[in-house]
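Next come the structures, one after another.
Okay, so chain A shows up in both of these, paired with chain B first and chain C after.
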Partner chain A sequence: MNLAKVEKSTWIYLAISLLLVIVPFIVTGRSMQFIIIQFFIFAIFAMSYDILLGYTGIISFGHVMFFGIGAYSTAIVMNRFDSTILSFILAIIIAIILAAIVSLIVGMLTLRLKSHFYAMLTLALAGLFLVGAEKWRSLTGGNDGFTFSLPEILRDSQSLYMLCLLSLVLIFFGLRRLTKSPFGRVLMAIRENEKRTESLGYKIVHYKVIASVVAGVVASFAGVLYSISLRFVNTSVFATDMTIDVLLMTIIGGVGTLIGPIIGAGLVEFAHHWLSSLADVHWIFERWIILYGIVYILVVIFFPLGIVGTIQKKFFNRQNYQKKKQQNPRRKLDEGRKEDEDELYRNG
Partner chain B sequence: MEAILETKDLSIAFGGHVAVNGVSVKITEKKFTSIIGPNGAGKTTFFNLLSGQLTPTHGTIYFKGRDITKLSTTNRTRLGIGRSFQITNVFPNLTVHENVRLAVQSQANVRYQMLAHFNHYKQFKEKANELLELVFLDDKANSLAVNLAHGEKRKLEIAMLLALETEILLLDEPTAGMSLEEVPAIIDVIKKIKGQEDRTIVLIEHKMDMILGMSDEVLVLFHGELIAQGTPEEMIENETVQSAYLGGQYDEQLT
Partner chain C sequence: MDLISTLVINGLATGMLIFLLAAGLTLIFGLMSVLNFAHGGLFIWGAYTGVWSYQLSGSFIIGIIVAIVTGLLLGLITEKLIIRPVYGNHIQQILITLGFMLVLQEFIKVVFGPNQIAVSPPAFLQGSFYVGDVIFIKYRLFIIILGLLVYFVSMFILKRTRIGLIVRAGVMNKEMVQSLGINIRLVFMLVFMVGAALAALSGMLHAPYSGVIYAEMGLEFSILAFIVVVIGGMGSFSGSLFAAILVGIAQAFMAYYVPALSLAVNMLLMTVVLIFRPQGLFKAKG
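Right, the complex of A and B next:
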C-alpha cells in the first residue's frame, strides 16, 4: 500500500465527515436528528465490536456489558452530581476506567479459552451484569431505570449531534491507525492462524487482552453517548439483543473493515426507523425483528464478507486483473484469478 | 563438539500408544542433522516436542544446557528454536509479503507498537522482500497466501522461518507434497542456508537420497525409538537400519 493511496482514502473519509457536519443544518427535525445520533453511537459500538470479531477473530456475545457499563456510569454520575460539564467529564473518565478494568479482568480470565467456550462465558458474564443492574435497585433503579438531567449544552440536539459525530470521526481514525499499526497486523495474524502466530514468537493472550480492553473502552464510550442521547437508562443497555444488533451491523457492513460496521449501523438504524413506520401498512413491519432475521440469514449465506467486503473484493479483483494485464498481456485468465483477493484486508 | 539441543529419555504417550519412546539425542551446533524413519515412526511428534507444541510424558529437553521442557512455543521461538510445519501453516488471508513481514517484525521485537503505521518500518518490508527473493517467491509478494500453489506455500513457510533468524531451524519435510520440479529449488534454498554455516538445521525427511548428500548426521527413528545414529555412510551400512527402513517391507515408501 503506497502513501498516496492512504492519503486518498483519508481525504475521502474527511470529506464525508465534513458533509455530515452540514447535515444538522439541513435536517432540522428533532426525531430525524435523533436517529442520526443513534446511528453514530451504534457505529462506534459496532466498530469496537469489529476490533474483536473482524480483526482479532474473537467471538464475544457479551460485548454489551461494556456498553452498559458506560451507560450506567454516566447516568449514575449525572444523577448524583450536579448536571454540569465537569461531572459529564467525570462520568466519561469513570466509564472508561471501569470498562478498562472489567475488560482487563474478563480478558485475563477468559481469553485463554477456545473460541466457543469464550463466547459462552462472555454471554454468561453479560447476563451477570444484567441481573446485577436489575437487583441493585438503590443504584440502578432496577428494571424501570431512571431519568437524569444534563447540562444545557448537551440537551441541545445540535450540539449532541456534533459531539457524537466528532467522537465517531476521532474513534474511526484512531482505530484505523491501530489496525494499521504493527500491533494491528499481529491481531490479524491471530485471526488467521493462532498457532502460527504463537510459533512466530508472539504471545497471543497479551494481544487478545489488549484488543479486548481497547474494544471495551470504545464500547463503554458508545454507552456514555447512548445514555446522554436518551437522558434515561434502564437494564436494556445490558440486554443480549444489543450484542446481537451490533453483530448484525458488523456482519452486514463487512467484518474486518472499520467502515463496514459504520455502514451496517446506518442501515440497521434507518431500516429500523422506516420499517417501524410502515406498521400501518402491514402488521409484519411492527415485528421488524423477523425481517432482520431473514436479512441476517441471507447476508451470511450470500455475502459473508458483508457490503464493504464484497465491494472491496470486486473492486480489487478488477484492479488487480487490469494491473496484471498491463504487466503481462499474455498471462492466462486462470492465473490472474489466482491472485484475486490481493490486498483485500490491507485496505480496510 | 558442542551440543546445542539435547533430549534425555524423551517420551510421549497418547493413551496407550507410545509415539516417542525414550529418545536421548544430542544435536550438534551448526551441523546439519536429518531425522529419517518410516511413516508413523514418531518423527513429527518428536519435532512437536522439541518446538513445544506437545509436552512430553516424561524426559527432558535442554537448549544450550538449559532445561526448556516446560517452556511454551512462543518462548522457545524467542530463545532460538524455529520450526516449519509439515502441514502447511501460514496466514491464509494475508498477502505473502505480509506473512513474512510479520515474522520479521517479531524477530525485530516490535510487538506492541500501536501508534505508528506499519509502513513506518521500511526495513521490515525490505527484509521481507529479500527473503522472498531467496525462496523465489518475489513475484507472488502481493498474492494472498491462500491462493498459492502447495509448493509455493512450503517456500513461504521457509521464508517465514528464516525471518525469525533462529539458531536452530527445525524443518519438517520441507519438500512434502511438492511437485518434482519444485524440489530442487527448495533443496537449493536449504543448501544455501547450510552453506552459511551459522545455523543448526534439523530436518525430517522421507526421501533418503535427498538428505544423504547434505547431512552431517542422521538419526533413524523406528516405532518411536531411536535405533541408530551416525554419518550418512554409516547409516547405509547399518544392518538394523537396513532391515527397519532401507530394506524389505518399507522399501516402497522411499520413493
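Right, the complex of A and C next:
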C-alpha cells in the first residue's frame, strides 16, 4: 500500500482513534465510561442513518426497527444459549441477516415511492415492530423486557469500550470508503437530482435498496452493541423517541458527512446526561425533549447543513475562492492564446 | 347479528374520527404538498384543551368550541412559524414537522401534567338504546352523525362556494391560481387552519370515546390517519372518507377477533394498496 496516497484526513482520524484508546485508562469511572460507550454506539447508529438521509436523501422514520432487531436478536440468542463468545458471534450473524432481509423487503416494497410515502410507511412499520415486541410476550417479555448474561470478557467495561471503539473506527472507515466509491457517488447523485440520475441510465431503485440494506445492517449492529452494553432489552429499542434522537444527532452534526453524525451523537449523548442531572435544579429539565425539539427545529430552519456541513461550506468557499484566484492567470493565458490564433487567422 | 352491527357501528365511529384527522392532512397535502407530521400534535392539543374546558365548565359544547378554537390558533402558529420557512423543500418539511410534533407532545405534559386524564361522555350522550335487537350507543352515533355532517359541509364548501373553487383549483395547479391574482398564501393559511381545527375536533371527540387521554396518543392515532391518506389517495377528500371507514371497520373487527393484529391488518391494507395502486384508491380531483 502506498502510504503517500493516503489522505491527510485519514491520519488525523487514526490519531484521534488512538487517543480514544487511551481514554479508558484515564477515565476510570464506570458511569463515565458507560456514557462514552453509549456515545460510540449511537455514533454508529447515526452514521448508518446518515447513509440514508445525508447521502441518498431518503427520510426514514423507522430506522429504529433495525436497531431494535439487532438488540432483540442478541438478547434472545444470549438468553436461550450459553453465554459464550460463540453464541455472541451467532447473535451478531443472526442480527445482521435478519436486518438485511427486513431492509431488503421494506426497501423493495417502498423505495420506489416518493419521499413522503417512504417516511410515513417506515414510521408505521416501526410502530408495527413496537406493537409486535409488546404483544409477543413469550419471545420478548413484553414491555418489561428481560435481562441476559454475557461471557466474562464482555462484562468488563474496559473490553466493552475497546470493542465499541474498534467497531466505530472500522465502520467509519468502511462507510467512508463506500461513500467515496463510485457507488457512493451515484447515491449522492440521487440525492441531488433523482430524475437526472435516472436518465443517465442508473437504476435508482437498486441503488436506494442497497443503501437501505447497508444502513439497516449497520444499525442492527449498533443495536447488538446497545443491548450488550445494557445487558437488558425492552421495547424502548423500538420507540419513536430513538428515531428522533438519531435524527437529531445526524442533523445537528451535519448531514452528508460521516464525521458529523459522530459529533452530533457526542453532543446529544452528553447533553442528555447533563440535562438529566439538572432535573433537580429546575423541573423543565425533566422535559428535556422540548429543548431538543426546539433546538432541532431551529437547526432545520437556520443550519440545515449542521455543524460540520456549515464549517465545511465556509472552508470550501474560501478554498474555491483561492482556487479561482490561482486559475485567473491561466484564464488570461488562454485568452492570450486565443487572440494569437485570431491574429493567425487574420494574417492567413 | 347484533355483534356484527355493533362492530360495524364501532368501526364507523372510529372511522369518522380518523376521517376528521385525515381530511385536514389530505387537503393540506393536496394544496400545499406539505405532509404535516405534526398533525397528531394538533389532535392531542384539541383533546386536552377541549377536555380541560369541558371539565371546568361542565358543558360538552363549550369543550368542542374550545378545541376548535385551539386548533385554529395552533394551525395559524404552525403555518407561520414552522411551515412557511421551509416551503418547497420536502425533506426539511418532513423533518421539521416531526420535530414540532415532539415539542407539541411534550408541551402537553408541561401544561397538563404527564398523567392520563379520564373523560366520560356528557349526560345527554350517555347510555344506549335498542332498535329491534340492535344496540346503539348514543355517543358513537353522535360521532358518526357529526363526522358525516363535517363531510357534507366541507363538500358543499368545496363544490359550491368561491373559496372552495379556489382551493380545488389550487390542488390542481397552484401557479395558475396565483397568476390569476389570487393570494394563494392566504388560502394555504386558511386551509391549514381548518385542517388543524378538524384535527383538534377529532381529538376532542375521541376523548370520551376512548375514555382516557394521554400525550402519546397523537402519534399513535396519526399513524392511522397516514394509512388512511395513503389508501384514499393523497389530496382526495372523498377518498379519505372511504378509506377511513374501511380502516375503522377493519380495526374494529380485528380488535374483536384477533386483537394482536389490529394494527397489522391496516398496515397490510396499506401495503397492498401501495403495491398495486401507489397513487391510492381515489385520485385527487379538482
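Criterion: the second predicted complex is superposed on the first by the 318 of 348 C-alpha atoms of A that agree within 3 Å, B and C clash if a C-alpha of one lies under 4 Å from a C-alpha of the other, contacts with A are read in each partner's own complex, and residues count from 1 in each chain.
We adopt the following convention: a contact is a pair of C-beta atoms (placed from the backbone, for glycine too) under 8 Å apart; a residue touches a chain by one contact, two chains touch by 3 or more.
No experiment lies behind these values; they were computed from the predicted model shown.
Once chain A of one complex is fitted onto chain A of the other, the partner contacts of A:K135 are limited to chain C, with no touch recorded for chain B.
By the touch criterion stated above, A:S31 is placed in contact with neither chain B nor chain C. When the shared chain is aligned, chain B comes close enough to touch A:I210, but chain C does not. Contact with chain B, but none with chain C, is seen for A:R177 once the two complexes are overlaid on the shared chain.
In the superposition on chain A, contact of A:Y202 is made with chain B only, not with chain C.
Taken together, the chain C residues at the contact with chain A in this complex read 29, 35, 37, 82, 85-86, 90-92, 94-96, 98-100, 102-103, 106-107, 109-110, 219-220, 223, 226-227, 229-230, 234, 260, 263-264, 267, 270-271, 274-275, 278.
Only residues 51, 53, 72-74, 77-78, 82-83, 89-95, 98, 101-103, 105-107, 110-119, 121, 140, 142-144, 146-147, 160, 164 of chain B touch chain A when the two sit together in their complex.
Only residues 1, 3, 6, 177-178, 180-186, 188-189, 192-193, 195-204, 206, 210, 338-346 of chain A touch chain B when the two sit together in their complex.
On chain A, the positions that touch chain C within their shared complex are 53, 57, 59, 61, 109-110, 112-113, 115-117, 119-121, 123-125, 127-128, 131-132, 135, 240, 244, 247, 251, 284, 287, 289-290, 292-294, 296-297, 300-301, 304.
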